[in-house]
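Mind having a look at this structure? Questions to follow.
Note that the chains are named A, B, C, D, E and F in the order they appear, and that numbering of residues resets to 1 at the start of each chain.
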């Protein structure tokens, strides 16, 4: 269960309204790596976590903080939209290029749809989607995704930091940058901890299948583009997290058969010249098992 | 420019058709971490890469291979659908529970829409989306996302491996598992290389802003959920990639003001009791600059 | 800022795992009227609310509770998935129709993607979208949408209640039904309060434009389908919230001109026979204003 | 079956082209509360309506009218785009700020994709989605959603009305405002009628479950945010549509167990320390019923 | 403006309910080539059509008919869902494999969301999208898309025809097949008419640019996959609609430069080794034009 | 399997950066008819193709070329973004209208998300979707869709050609126009070839059902809009591809029953007055078949 405090985690006070910047700042709310993503991603990871204790607690602490980050950004966007020329006409915009520049750079839905408030969308007006959430139940795979999400979040925040010189906005973004730093660091440390605790090895997952995978194909980079430097990186020939070094196949050869779809079911009306016979029949499961035998007896 | 060889990178021959498994295998084609995602993700990263040489070449080698993985999986799906009871009626399905189980587990669009072939969708029929692609121009942030994508791809492949005992399908998946292993290893090694080359430090990005971020907030986990073990992980008190250890704020206090949206523009008809005055006016840019001055002179 | 308590708002313990029901229950998490929608909808309404005090507090109280409802449902889904035959093969499913029925009714992504946990998707695997959120800044319009959302939420919960006889699941849903009842009632009462407080009249919005709208068209139902009973409802002839009764136009006549698109710009290559002349030119704003005059002087 | 008259329901003639306004007007065509939404929403409600007579006739009359509203708006958009500087280059736009403002405010797809015509998208270019349609079969829940949709439609129309001073556009919007008024009024009246007819009571739905829901939790607002005015509204202590007044729980206590996901299936490779045993097994339905018994006999 | 007749264009009466088939039939309502697509596609084409007379009339006649097709299919789906075991529990489904097969094959939202009615979604529950509509203003390009849409619509209808033996359903589908036939034929004939009328030539569009395109590249198939039969089709060497025959480049050579992204803006924090200098500056338009000159004078 | 050459198929070198044009050019990358669509569409058609030889080879040759077109366009976009005022503030944009026009016309995500590179999105920021792919297995239906896609691709390229006077950009687009011409021609020729080879007749598909469709309804245009010229086209009365001429029904009459949804399941809580009895019961398949008989014996 959750509780809410009206006070923001950190101040969100711009010096001056700036509706064009509000438009851009939506990326940090509803973008693929915005605060809605990390909030919901950590919540679902926490709710799906099977290990009580330090990992689950770290996840839930961070998840709960991120809801508050959405709140800070939503408040900031509303304040940046204060007094915006949202209802100015095209004629007014065309008569004064300065108004025109501001109107042209606004998100029109900030006026028409939300009436001056933030929305769960990104800087291009694309809505936040549940597909942005990564929560697999495997903590190592998920923490790698978390570290990547915080890296992209911090990168986008840094870019947006350069696009304003409003002291109030910059003050808040300095806080956001710092939180992205610690969250990124904590997920990288937690990745080490998972391995130290013997819960998950690298590479992810699952090592139990190492014996079954084609081990001969598990350490070779295939050279399939004509750049000549792919084998000059430190990644070739030095030990990897699971021991064996990576090798380089300079002239790779396709190992498979000629890819061709099988003969089709005539009732599906796919184009077919009959050259390769009729489709195999029947599919797995439609002819065998106790039910098949039973049906014979009953009919 | 690209060229194509009809031979598959590795054989994709099931022992027997299995339309229910074909439905599930779609996740590896069009899912958020399917082969379409890594293929397109690496292509856009490669095309946007500003560093000629080993990094770009590694990205393009891998990107090109992944297009071939979509091809292998698409071929496998078509072969698993051969002879499927796709056109059987509900009456037939109800009369024979074995047929019913197969029909109920199929993707109906595999019959109605694609006529027995693979589609660019996931295991729930959701279409592949350009939003799955991560390509920021920052190689460290992108390689972290790549390592995470390969981790999830290998995890999902491992789960799907357990859901079949068809020797032909398993043979191909053993190859896929191995390729996911080497790709995961290579991105982790390339992350080290970027730092060794002095191109990007950890944490991502950009360190140039470390002096500006709120450094006091850059290393503290805030305790906002009531689990008591969040400070018992190795992540507290030990050095991090950028030096300072992470601390733990057991009783955090909100530092911001009370979050409230500002007075609204009356023409937007937001509900408002007037208690907090009229909106600030005008917004940034609508009153200043040479154009403002110019307009005064002209009118 | 938000805080989290590990204890659920209400118990979420099924008597027995039921992965087919978990599939259906996803509708209440990530569906258009699921708990994610009401949680985020109320949060954005609260953050955008311009009226400090009772309305904002009611919104934030309810918003915060709804995050906890997502938590309860996510926990319930994970528990319903315990021990599911998620990794059984098609052969196993076909050999035992009971297993087949369970596997056929599961969401395959509950195994492949989330590894036994809930996801931010609906009962058809479609992801939750920011487009489900309604937050306009106008409290009357928003509270009507809230009442409708709670009505649909309660209706869907009631339908799902009928689809299980698991006592633990039903116990939780009885709590959810009750919460949907009170939330629905509170929004209906708050609609009355807004009007009693003189903040918003009915119909929504804004009454300030009543004098400008075509008042002659503001109270007439047009008879455009051939059913004969459209004028037999109590809605015809009796007073409405804004006074005048609704009338019925039995034989409506189109009042507009013939709808036809204007002559096209030749460079856009739309098909055109030239019969209606050249396009009007230029568009609003491209010929007038101080800049137009200025440009003349400078060139 | 439908028939079409070339004459528009009401005139859609702008005084002058205005491509920037055409961009904004798309919200009323393809937005979440645009005319496509109400048209399709009412059509699906009408087609799914189980009550022949006045309700179904009112729905179908209104649905049919709304198709004509999409037509009016699409015609208006095409006319607003006449003579737009759609094919002007960036150089031209930069050389003349007035042209620049118009080009910057246009939807680029109005030139590239539709060649000067309207599209089924909103003011941010997001396509209309079937998810915007609400049609549950329960008329009370649906009519509440209809009233909310008309409220938001009228609100957005009123905002757009303020963003133009073109007399022709305003003339059409005055008609649209009026139609939104009567439709909003009619759904509110029809909600009363449903209750007067004894078909549906408030709150929605279904009252048959009132005895089963947790009645102790059906009338209490939980205080979960720290605003202090949530109990000062008229909604506390006064009778509600279903009788009992709403109460206020000032210091609510979580009633559930600690939310934790159950032990996972090892083959799904979720991270787990084994501390809570193996997963329950088997799931509902995979061990019982006549087929289970039968299988025993046959094998 | 539109009018509606309660009578369906053609009868939609199944002999017997079949909820599994209703699930599949959704593809013809809300799929990419379903009736909603052709209805809305033709409506937008008609509203955007610049040529009054026979073309516009044909488009509007067909568009209006297609709305009635959505109606027929929606009615059929509701009737196929009558008496469905929609509220049966998993226990009931597992105890009776026949019920299990039906429940497993249903769309769960047909019970939970629509309460027994059709929805604007496809056979996998994906919502209809405005992106399915093709309306470019160029009638030749649009009519080709229309012919393709009717071809796919008829193909899917034919596949669905094979999946039922219900005489009532088949009767309606025989009507739908026939309508798809005539619509397909009419668009193919209208393509000829456009050319006969001299309004649009083949290939689409626009021929006015033939002199500017790289004519040397306008008739050659490049051999980029290793299949050896690409030059054995009748398409090589015989006249084409615009005269010149298609040739075959057996060993094509890339004609471009090495693709590499340019030096990045340092403030965007893309990874860059500086090897290729600083970014070009400034971009088009930011240094020239009357405003640039003016700014110099004013400052 | 695929291989990659670093050299582009054709040069992609703009004379000068132009970030506003880069924004528009995204339509050709990630739009509904952009290069990603044709690349993936042809790949899936090729992988699903059942006819080895000339058709499959033509498809794979073209598919492989189109991946290279995405590469050319992505490179062009990155180069057009070089030195863009991406990190300029609103204040700077407002102070200099020329900068303002450029900033207002840019895609903000080109700075915030991709850091100066192309993205898999269209000119409105909507992501590329798997739903854009058409691949049915029926080559005639697919080739018609291919011809339409190339027509729209060429049309959009021609429109974009008019929106720039940059010689480098125009040089590349002249190549693209030419490739769209030959691809369009080749699909039109391949449509003829399919018929010449006797593999598929017109109209698509499948002719095997001609005897079963309502032949009386297969050649008549229904007059449902009031335009009077629908019967004046050459499409009326002249032979069609399958022989019989199209006729015109000037005063069509609905042939079906009154469309009304059947009585609902009470547990789904749809509004119903009981006037039409109880729902039919049970649905197809839930009462018959060997399992029904078997269940009787066992219980």
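Definition applied: a residue touches a chain if its C-beta (ideal position, glycine included) is under 8 Å from a C-beta of that chain, and two chains touch if they have at least 3 such contacts.
What you are looking at is a predicted structure, and each value in this text was computed from that prediction instead of being measured.
*Asks:* Which chains are in contact with both chain A and chain D?
*Replies:* In this structure, the chains that contact chain D and also chain A are B, C, E, F.
*Asks:* With contacts defined as at the top, give the pair, A-F or A-E, that has more of them.
*Replies:* A-F
*Asks:* Is the contact between copies chain A and chain C built from the same residues on both sides or from different ones, judged by whether over half of the numbers are shared?
*Replies:* same
*Asks:* Counting in whole Å, what is the centre-to-centre distance of chain C and chain E, each centre being its mean C-alpha position?
*Replies:* 27
*Asks:* Could you grab the centroid distance between chain C and chain D? Build each centroid from C-alpha atoms only and quote it in angstrom.
*Replies:* About 4 Å separates the centre of chain C from that of chain D.
*Asks:* Could you check chain F for residues that touch two or more other chains and list them?
*Replies:* As it turns out, chain F has residues touching two or more other chains at 1-9, 18, 20-21, 32, 47-48, 55-56, 60-61, 63-65, 68, 71, 75, 78, 86-87, 90-91, 93-94, 96-98, 100-102, 104-105, 111, 113, 115-117, 121, 124-127, 129, 131, 136-138, 140, 155-156, 158-159, 162, 205-206, 224-225, 227, 254, 256, 259-264, 267-270, 284-286, 288-291, 294-295.
*Asks:* How would one label the connectivity among the chains shown: line, ring, star, complete, or other?
*Replies:* Its topology is that of a complete graph.
*Asks:* Can you check the complex and tell me which residues of chain E touch chain C?
*Replies:* 1-6, 47-52, 55-56, 86-91, 93-94, 97, 100-101, 103-105, 107-109, 111-113, 115, 121, 124-127, 136-140, 194, 197, 199-200, 205-206, 208, 290, 293-294
*Asks:* Where on chain B does chain D make contact in their complex?
*Replies:* Listed in rising order, the residues of chain B that touch chain D are 155, 158-159, 162, 267-269.
*Asks:* What residues on chain D touch chain A, complex-wise?
*Replies:* That would be residues 18, 20-21, 23-24, 27, 31-32, 97-98, 100-102, 104-105, 122-126, 155-156, 159-160, 162-165, 224-227, 254, 256, 259-264, 268-273, 275-276, 294-295, 298-299 of chain D.
*Asks:* Could you please specify the touching residues of chain E with respect to chain D in the complex?
*Replies:* By the definition above, chain E touches chain D via 1-9, 30, 36, 40, 43-44, 47-48, 60-61, 63-65, 67-68, 70-71, 74-75, 78, 90-91, 93-97, 113-121, 127-131, 133, 135-138, 284-286, 288-291.
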